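The letters A, B, C, D, E and F name the chains in turn, as written, and every chain counts its residues from 1.
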């Protein structure tokens, strides 16, 4: 998975696709978000909007690399009610990312060490915390606090 | 129309109906809100919500008098995907309402004079302003400001 | 799973739990919604709200039978930042529900036949459609249209 | 109306105008969306946002052809509280659109036949369904299902 | 301030006031939320809703003790466009709360120690963290992590 | 403060920064919006969105001059969970703005006189109204109406 890979550049650019949908159900929209992520989109989300004629609706947004655009458009046109999709090339400033495995009292945990022009921070992948919480039968929040305490001084 | 009638009591109670819909489109939801208002509901609106399995959805809310409940439930069950509708009896504190027609430089305008335990205020019906704006080909906001200026001292 | 069982009554009552959270992340809120559903809640959702001091926040809502309340409260207090939870007993009007399996050209499909005082309708479970779409490698929307066409006259 | 015309290209570009409004009422915003559509905008919608100083607000968005920009800006500056409007030129990928009239058991119905690189689909205009539902006194959802069943094999 | 007082019961009841406003601006709504909090309300928030006639709007919600209801109603009727306010008595399950001052490497910090039927947790007041962050010129998130690390084993 | 300065051009361009955050709390997001405004951003707001894996989230948006971008990025990367920030250069059409002080029966009030290609309007700064309301112990809405009445014919 892309998000578990190291990233060394601090700038890139992505395509942002958007389409307004007043004729999709929430169930179908949930499917669409999962599907475009599986097709390789970097991110996908929906926003509640209010369209003309008193119609509540959703704006579906997809962030992707240019080479994924054709496949995602084919999905949107064939599997959702979309009949038009807006797109723009957008620049991004991103933190450099290094995936690390560190030892904690709950076992080994994967985390991201992030840096940008001298700024550093650490991000525990939420799914890693869920895995530990299920294994140790402890609340995620308590495990997170303890790991952050243990990591003080070690990373970041 | 109920909202253009005088109201003398300062308390009443209403039924609040609610149903969560992840399988309705915005077009259908717009229809439903118009339809229950036409059936006599006092108010109807939708709220964007986020349901389980990553599904964006809408909560449809209807405010009505108890005697309208049966007809609105029949509408919701027969014409929308709703399969269950929650309801509660809710108390309301309301301002006394007197419909008045006043003369302005734009012609006669209907307004609501409102009062509650010594508090008074005036509410220009938005549809009245739209009517005047269309007639005089002037922005609604400018007409509203001028009427409010003229009404200073006359009402409220 | 409860939602795949027959339901014969047309009225019941449920507890509605609500708590406002300005100190939870979206990741944690997604966890909470899944978790209370797994604990047996009938439904759970979040609503975007805007609290005091300019803080965007979420209202977490849970619908459950009274006997599940204690366990869900324990979850909310131990695993989320909630420090107070509001609750009310709410009445519901519900359609009678009969789970049926019908033959279609895509194979057997489970659906809900719903009825309420002479009103009848059919609801295809969205997960059933997803299963067929994956099996036949066809868009969900096209499978749904074809099944609805085949069901004309058979059910409902 | 533009939306009932055939469209043969699969790409175009549009202007996206946006303005944040913390000093407009919902009534005025509803007016503004109707008004810019009547001025010829391709689409218009609002999004709930949360601004500084704890102020809930709306983002008003308008999609239009470049030649409509001047007139819509004049509307926004003269008739709403907007004092600044952002705009961008945005590319769109769109399905080719052919308006067709087909015979159904409810009478003739206008629909859009859509295509994009070999993908085809059919879109029943929601207003057409409303018209039939009013005429036949039947729920929109049931009319839609029956028409979709009849259209199987005929179009798309 | 109430929120910095100890609370020993685990149940109480509150009034929930609600009013739908399509004729208030975001600026005015922000004022209203601050004002009712200052009048002693326990909480106040707004929710984006979509009303009839294509009008985006806000639902204003206020949680208060019964003895504050009259004063808040007077505020709402005299200072906002509200002409009717719904209200309900709602039960609450709440964690027992003990305000504690603990020593940390950043100085003394006030926190809430919370308990409910054997469940315990600690809540750092966000405003306390802001105060420390301003004093030490350090990011809130880093101060929070360090304090949580230091508190491991001491409280909770 | 920039917003109390005169503006003579009718076009400019700004940077729009956006980042999606599913791991920030509402409290932290409120801080971030205040902080970037203090760093000199022209505007900042959040939008409720729904991300993948059933996670409600926020999109944080910041509008700023290009020379402020570096400082705001440093804030976002060091003090919020953001690990990537999208940005675009956006054009704006803006009304010319002249700050005026006018005499009213409540004392001197600062307002903005706005103009754009022959369109003129007046905007009372909301904070000015709050100041007068506090001083005169009168509802903001009543003060606003009276001032607007007095200003008829004087400005705009």
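The working rule: a residue touches a chain if its C-beta (ideal position, glycine included) is under 8 Å from a C-beta of that chain, and two chains touch if they have at least 3 such contacts.
This is a predicted model, so every value here is computed, not measured.
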Joint neighbours of chain F and chain C, given as chain labels: A, B, D, E
Chain separated most widely from chain F, comparing mean CA positions: C
Chain whose Cα centroid lies at the greatest distance from that of chain D: E
Superposition of chain B upon chain F: rotation angle, C-alpha, nearest 5 degrees: 180
Result of counting contacting C-beta pairs for D-F and C-D, higher pair: D-F
Inter-chain centre distance, chain A versus chain F - centres from mean C-alpha coordinates, in Å: 29
Chain D and chain E, separation of their C-alpha mean positions in angstrom: 40
Per-residue multi-chain contacts in chain A, two or more chains: 23, 27, 30, 33-34, 46-48, 50-57, 78, 81, 88, 121, 126, 141
Overall pattern in which the protein chains touch one another (line/ring/star/complete/other): complete
Chain D residues touching chain A - in the complex, by the definition given at the top: 14, 16, 30, 33-34, 37, 43-48, 61, 63, 88, 90-95, 97, 112, 114, 116-117, 119, 121, 123, 126
List of chain D residues in touch with chain E within their complex: 21-27, 29-30, 33-34, 46, 48, 51, 53-58
Of chain C, residues touching chain A in the complex: 27-28, 31, 48, 78-81, 126, 130, 139-141
Of all residues in chain B, those that touch chain F in their complex: 48, 50, 52-56, 121, 141, 145-146, 148-149, 152
Sites on chain B touched by chain C in the complex: 20, 23, 47-52, 54, 57, 59, 73-74, 77-78, 81, 83-88
